[in-house]
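Think of it as A, B, C and D in the order they're written, each chain with its own count starting at 1.
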Amino acid sequence: MTALVILQSLLLISGALMFVVGSIGLLRFPDTYTRIHALTKADNVGLGLIIIGLIPANFSLLVTLKLLLIWLLVMLASALSGHLVAWEARAKQVPLAPSEGESNDELTD
Amino acid sequence: MSYIYGFTLFILLVSLIVGVMRIIQGPRQADRLLAAQLFGTTGVAILVILAELQPLPAARDTALVLALLAMLAAVAFVSRVWKTTSTNEDH
Amino acid sequence: MNLLIDLTLLTGILAIAATSLLSRSLFQSVIFFILLGLTLALGWIRLGAPDIALAEAAIGAGITGVLLLDTLGHLKKTGKLDKDEHRPSYPRLLLAILSSVTLVVLLLWAVFHQPTPAIQLHLLVEEALPDSGVSHQITAVLLNFRSYDTLLEVGVLVLAVLVGLALQTDQHQQDSLPGLPNPLLHACLTLLVPAMLITSMYLLWAGSDRPGGAFQAGAMLAAAFILLHLSGIKLSAQLSHRMMQFGLLLGFTVFLVVATSSVIGGRPLLAYPDGGAGLLILLIELALTLSIGLILLSLFTIANSPPLSSRSGGSNGH
Amino acid sequence: MDTNLIFTLGGIGLCGLGLFGFIYHCHLLRRLIAFNLIGNGTFLIMVGFAQRGQGVTDHVIQALVLTGIVVAVSATALALVLIRRWFHLKGSTQLPEDDAS
C-alpha cells in the first residue's frame, strides 16, 4: 500500500512540476509559435500525470473513465486552440523570433 | 495523502501566478489568450485534485464542463477579435 | 494546509479582479475577467457549493467571456475604439476611492457583527426533502420549496430576451460575420458538440440526486449553440422564426401551466400533486433547459445582428 | 479563519474594487466589467455569510445564488446589446455626462 502511495505522490508532484515547466516555457519563449508549443505539450503531460496519479485514490471504473474523458477533452481543446491560433497567426504573418546565429534583418518587425 | 494533494495544489496555484505574468506582458493578444488557455488546463487539474481533497465528487463534473468549454474563448477570439485587429494595435 | 490554499486562491481572485479593472488595454481586461470566472469556480468548490461552481464554469468562464470578446471585436471593427478614454478627473478618482472604502468598511462591520441566525434553514430543508420528489437539496429548493421565485426568475430571462428582440433593428437579417473556415475546427465540432449535448443532458439528469440541474444544463446547451454559431453553423438561420419563439417561451409556459393547473385542481399555486412531484419537476426542468439554452443563444445573436444599413435617425450625433 | 470567512472577505474586496471601477471608468464596457465584479462579490458574500452563520453548507442560499448567476449573465448580454446600439447611434462608448469630464 505504501508503495502505491509513493507512486501516487511522485506522479502528482511531477505532474504539477510539468505545469510549472509549461508556465516557465510560456514566459521564456520568444514568439507566439514557440509559446503554443510550451502550452500544448507540457500541460497535457502534466494533467495526464496528475490524472493517472488520482486513479488509485478511488478504484472505481466510472470515476476512472470520467477522469480519462476529461484528459481527452483537454487535449482536444488545447490542440484545437493551439492550431487555431497558429493558423491565424500565420495568416496574419506574425513574425518568427530570429534564431541564434542567423541573420535576421528581414524578420524583425 | 491529503498533504500531497495540498502540496500539489499549491504548486499548481504558483504556476498560475507565473502564467498571469505572461498575460500582463503580452506583447500580442494571442500570447495573452494562450496564457488564458493554460489557466484553463491548470484549473481542470486543480478541480480534479480538489474533488479528492474536499472530498466533493461533483468537482469532477465541474472539471468536465471546464474542459468542454476550454476552446470556446479561443474560437471566439480567433473568429471575432483577431480578424478585426490591425497589426499596429495588436496588444 | 487548507488555509494556505484558501488564502492563495483569495489573493489570486483579488489580484485578477484588480488587474481586470486597471489594465490599460481593454482586451486584457476581458481576458482577466474570464480568468476571474475560472478562479471563482474554484472558490465555489472550496465553499462547498458545487452547483454554483458548475454554473460559474459554464457561464463565467465560457459564455460571458465569449459575449465580451465578441462585443470587443465588433467595437474594434466598426469604430476607432476611442484611442484611449480621457483620463478621468481628479475629483472623480477621489470620489471612487472614498465610496469604495466606505462600502468595504460598512461590509466589514457587518461581517464582524454577525447576528446568530433565527431559523436553521438547512434543518427545514432536510426535514422536507423526502416529500419534494427529488433527493438533491438545491433542486428541491429551486423547483419545489421556492419554485415561485424560480418561476419569476425565468420570467426575468424571458423579459430580457423580449427587450433584446425589441431593440433588434432588423428582424430578418442575421449575423453577417462568416464562421471560421478551418477544417480541423469543423472536424472537432462533430466530436465536441455531441459531447456537449450529452453533458448537458447528464447535468440535467444528475440534478435530481446530486449537483446539476436545469440552469447548468441550459448554460451548457447555450455554450454548444454558441460554439456552432461561432464556427459558422447558424442555428437561428436553420430554425424558423416561430420555432425559435416557441423554444424561447417553452420553459416559462410549461412552468406556468404546471403552476396554475394546481390552482384549478383546488390546491395552492405551485403545489405538486402527491407522488407526481418528481416527474413534474423533470418535465419542467427539461423545458427550462431548452429555453435557457435558446434564450442565451438569442441574446448572443441579437447582439450580433447588424445595424440598419440606412441608419435612419439619430446618426447625426457625431 | 475558516473558508467561509475568507471568501466573505474576498467578496467584500470584489465589491469594493467593483464600485471603485464603476465610478472611476467612463468606458461602458469597463463599467460593465466593474458591475459584474460587484455582482460576483455579492454572491460570494451571500454564500460565505450565510454558511458562516449556520456552520454548514446552506442549500437555500446556494439555490438563490445559482439563479442569480444565470440572471446576471442575461443582464450582461442585454447590456452588451444596449452598448452596441448606443455605439451605432452615437459612435461613442461613453455616456454623454462623461464626455464633458
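Quick note on the criterion: contacts are C-beta pairs under 8 Å (C-beta built on N, C-alpha and C of every residue); 3 or more make two chains touch, one makes a residue touch a chain.
Since we're looking at a predicted model, the values are computed, not measured.
Pairwise, the chains sharing the most contacting C-beta pairs are C-D. In whole angstrom, the spacing between the mean C-alpha positions of chain C and chain D is 13. One finds 33 Å separating the Cα centroids of chain A and chain D. Averaging C-alpha coordinates per chain places the centre of chain B 22 Å away from that of chain D.
Among the residues of chain A, those in touch with two or more other chains are 73, 76, 80, 84, 87. Across the assembly, chain C contributes residues 2, 46, 48, 51, 72, 74, 180, 185, 188, 192, 195 that each touch 2 or more other chains.
For chain B, the set of residues that touch two or more other chains comprises 16, 33, 40, 57, 64, 68, 71, 75, 78, 82-83. By the definition given earlier, chain contacts exist for A-B, A-C, B-C, C-D.
Interface residues of chain D, counted against chain C in their complex, comprise 1, 3-10, 12-21, 23-27, 29-30, 32-34, 36-37, 40, 43-45, 47-54, 56-67, 69-71, 73-78, 80-85, 87-94, 101. Against chain B, the residues of chain C that register as touching in their complex are 1-2, 4-5, 8-9, 12, 15-16, 19, 23, 25, 27-28, 31-32, 34-35, 38-39, 41-42, 45-46, 48, 50-51, 53-54, 57-58, 61-62, 65-66, 69-70, 72-74, 76-77, 177, 179-180, 185, 188, 192, 195-196, 199, 203, 206, 210-212, 216, 220, 223, 226-227, 230-231.
Listed in rising order, the residues of chain C touching chain D in the complex are 2-3, 6-7, 10, 13-14, 17-18, 20-22, 26, 29-30, 33, 36, 40, 43-44, 46-49, 51-52, 55-56, 59-60, 63-64, 67-68, 71-72, 74-75, 78-79, 81-82, 85-86, 88-89, 92-93, 95-97, 99-101, 103-104, 107-108, 111, 114-117, 120-122, 125, 137-138, 140-142, 145-146, 149-150, 153, 156-157, 160-161, 163-164, 167, 213, 215, 218-219, 292, 295-296, 299-300, 302-303, 307, 311, 314-315, 317-318. Chain A contributes residues 5, 8-9, 12-13, 15-17, 19-20, 22-24, 26-27, 32, 35-36, 39, 43-44, 46-47, 50-51, 54, 57-58, 63, 66-67, 69-70, 73-74, 76-78, 80-82, 84-85, 87-89, 92, 94 to its touches with chain B in the complex. Put simply, chain B touches chain C in their complex at residues 2-3, 6, 9-10, 13, 16-17, 20, 23-24, 26, 29, 32-33, 36, 39-40, 43, 46-47, 50, 54, 56-59, 61-62, 64-66, 68-69, 71-73, 75-85, 91.
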